[in-house]
Amino acid sequence: MSPGRLAAFADGVFAIAATLLILTVDGAVGGVGIDLGAELKHAWPSYLAYVVSFMTIGIMWINHHTIMDPVERVDRRFLLANLGLLMCIAFVPFPTRLMAEHIRGAGAESAALAYGFTFTTTAVFFNAVWLYASRGGRLLRADCDPRVVAGITRTYLPGPLIYLAATLVAFASPTASALLFLAIAAFYVVESSLFGGRQTAGD
Amino acid sequence: MSPGRLAAFADGVFAIAATLLILTVDGAVGGVGIDLGAELKHAWPSYLAYVVSFMTIGIMWINHHTIMDPVERVDRRFLLANLGLLMCIAFVPFPTRLMAEHIRGAGAESAALAYGFTFTTTAVFFNAVWLYASRGGRLLRADCDPRVVAGITRTYLPGPLIYLAATLVAFASPTASALLFLAIAAFYVVESSLFGGRQTAGD
Amino acid sequence: MSPGRLAAFADGVFAIAATLLILTVDGAVGGVGIDLGAELKHAWPSYLAYVVSFMTIGIMWINHHTIMDPVERVDRRFLLANLGLLMCIAFVPFPTRLMAEHIRGAGAESAALAYGFTFTTTAVFFNAVWLYASRGGRLLRADCDPRVVAGITRTYLPGPLIYLAATLVAFASPTASALLFLAIAAFYVVESSLFGGRQTAGD
Amino acid sequence: MSPGRLAAFADGVFAIAATLLILTVDGAVGGVGIDLGAELKHAWPSYLAYVVSFMTIGIMWINHHTIMDPVERVDRRFLLANLGLLMCIAFVPFPTRLMAEHIRGAGAESAALAYGFTFTTTAVFFNAVWLYASRGGRLLRADCDPRVVAGITRTYLPGPLIYLAATLVAFASPTASALLFLAIAAFYVVESSLFGGRQTAGD
């Protein structure tokens, strides 16, 4: 299999998982016979959960292409590591619904833990995928700039720890944990808006 | 990342969001033991909502390719603006169901506002994506015809205002607002049928 | 837009619509606490509906590529006709569920009419798409074999009538109508198995 | 149609079916007002079913590319055999839910039979697809290494029997059957991790 086909398959899972997130919002607003206006206002956590999860999946999609860009060939181990990563991405709609439904209730801690654990595991697989491909240049193009490779490693390595920290905060305060997940996504968006203007050549 | 990969990912989200719209229709018709014929007739707003939302997403998909056509390279800001746009597209199935369920009831105003607000925000992101790419030719091919670029800008700029106007009509009459959304989609279809015969070279 | 991008978008809608059909089967078998074995046997119409709809969508996907093969360029009218076609394809999961749930009950006639009307409309759009592209060679490659073009026209033209006839049979007997939809799909599979061995050059 | 387009369509179905598996997990955890922590723990079979089905679909996706790699041209029979295979893949989310819901209850045997029968049929179609393409080199590139072709045949031929055996175990013990499905997926992952480091040239 070529890296292009793997990237296309991954794109599909990223796109479907992100689009399925709307079922969370859809499930938060009931049927006929209710006060729709009040219900729509009351459902605000589901909108927020939708935005945070969509942007997080979107950012991970961008990062996945950063990983795949210097990859020249794939082997079965690399494919399996990617399947593990995609299994996490496809899992995201579930804890997103839990967050939307429970962050204001008694289940807030469990919801935040499920949400955070999902992203922590995702970040671990991200590193596994990248480290397997890049260690000793195993699957990379020969002409890869070692500084770029080291830069990617440096950027992704703290991911699991950051998500784990935000997750553990849920034991003290699930709301604070939720705000941290929001802040992580917002940080990337703001940082990219400020410094993300470097142009990438098209192909 | 290449513009081609971004366009393919966007195609995926457009296609999935459009196809998920059928869940709106599906949810409008109940289970076994009902008078199915009567139920199917009573569900007509869900068919209409399906058609209007499907065509609107479809038209936006066509327009997205009009935008991507002259784009030669992408940067992270452009990717994020596109993620924002796709987040709106993926949101459409939710207000579509609200319209289908509530346009005949007490929630009509809220449903029309949710529907219109979604499309207004989508149109805003459309302009953000295009203006970011085209301002000073930032991400466009060097040989782009400036008149074509100006033409695209002129075509998309009124979008947010048109959708906002149709949305605000809901405060006076949700039904009139719904008819306007129908008219906007129908106008594009009719206009394209009359003048859309100009051939585009394949590649 | 290139014909390739249109074909890829269409592939997406075909694939998603076909895969969503499983929700019909899933909805036919209840939750915990039931006699699962009996329930699984009782749900046989949903398996049959799944197979017939999946194969029909699959055959239409193959036919869509037969149409797109000689197409060299697209215009907005052609894109809109394709959107209409895809709107029908994405609609299929809904009447499929109706068939699965109601073919043994009082709603059988309504279900068969909805199912047949969907495929009749789909066949009409199929012809619209093809006739628009092929009339006077409008969107076709210049080197297209006119006999191949005439052959495609001859093959697709009876489609709407065949589906309409099978649909109208539902007024006399919904079961007979359902068997006809099954027969149409089975005929294509058998006919292709017998005569479908002609090799197509890859590209 | 080109083999590339078929592979892309198949990728779509594989990706959507795998991503829809999350609905199984989502359905296993109830709404507001429950003890979420306890509910999340109680739902562990749904996580396990998610992982086993996701990895099995993922492995079959990898294998499908192994099949498509030496295929140079397609005919209608080959397309239909592939549609049959994809019809099985798209079916997987249904028995996955049955396993998740019933493996601890009275429906365990029925659930395990449904799960196993789905994968057995899938493995049969896998062989049908491959044997049709490879018999006498019918659809393969002329320069295919006959040893590679024979190796693929040898690898896939036992599939149906292995899945059938694991399925029939359900009559004695549904739990043992479920563990066998888990073991089959785990075996492939472990085997690939140990021996899957052979690099594949990119294209």
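Letters are used for the chains, namely A, B, C and D, taken in the order the chains are written, and counting of residues starts over at 1 for each.
Operating definition for what follows: a residue touches a chain if its C-beta (ideal position, glycine included) is under 8 Å from a C-beta of that chain, and two chains touch if they have at least 3 such contacts.
All values derive from a computational prediction rather than experimental measurement.
Asks: From chain B, how many touching-chain steps at minimum until you land on chain D?
Replies: 2
Asks: Shared touching chains for chain A and chain D?
Replies: Common contact partners of chain A and chain D, which must touch each of the two, are absent.
Asks: I'd like the angle of the rotation relating chain C and chain D after CA superposition, in degrees, nearest 5.
Replies: Rounded to 5 degrees, the superposing rotation is 90 degrees.
Asks: Compare the CA centroid of chain A with every other chain's and tell me the farthest one.
Replies: Of all chains, C has its centre farthest from that of chain A.
Asks: Count the residue numbers both chain A and chain B use at their shared interface, divide by all numbers used there, and answer same if that is over half, different if under half.
Replies: different
Asks: Where the CA atoms of chain B average out and where those of chain C average out, how many Å apart are those spots?
Replies: Result: the chain centres lie 25 Å from each other.
Asks: Roughly how far is chain A from chain C, going centre to centre by Cα mean, in whole Å?
Replies: 36
Asks: Do you know which chain A residues sit against two or more other chains?
Replies: Residues 8, 12, 16, 20.
Asks: Among all the chains shown, which pairs meet the touch rule set out at the top?
Replies: Chain pairs that touch: A-B, A-D, B-C, C-D.
Asks: Show which residues of chain A lie in contact with chain B when the two form their complex.
Replies: So the residues of chain A touching chain B come out as 7-8, 11-12, 14-16, 18-22, 25-26, 29, 31-37, 40, 50-51, 54-55, 58-59, 61-62, 65-66, 69, 189, 192-193, 196-203.
Asks: Mind listing the chain C positions that touch chain B in their complex?
Replies: Within the complex, chain C touches chain B at residues 1-5, 8-9, 12-13, 16-17, 20, 23, 71-77, 79-80, 83, 86-87, 90-91, 93-94, 97-98, 101-102, 105-107, 109-111, 114, 138-139.
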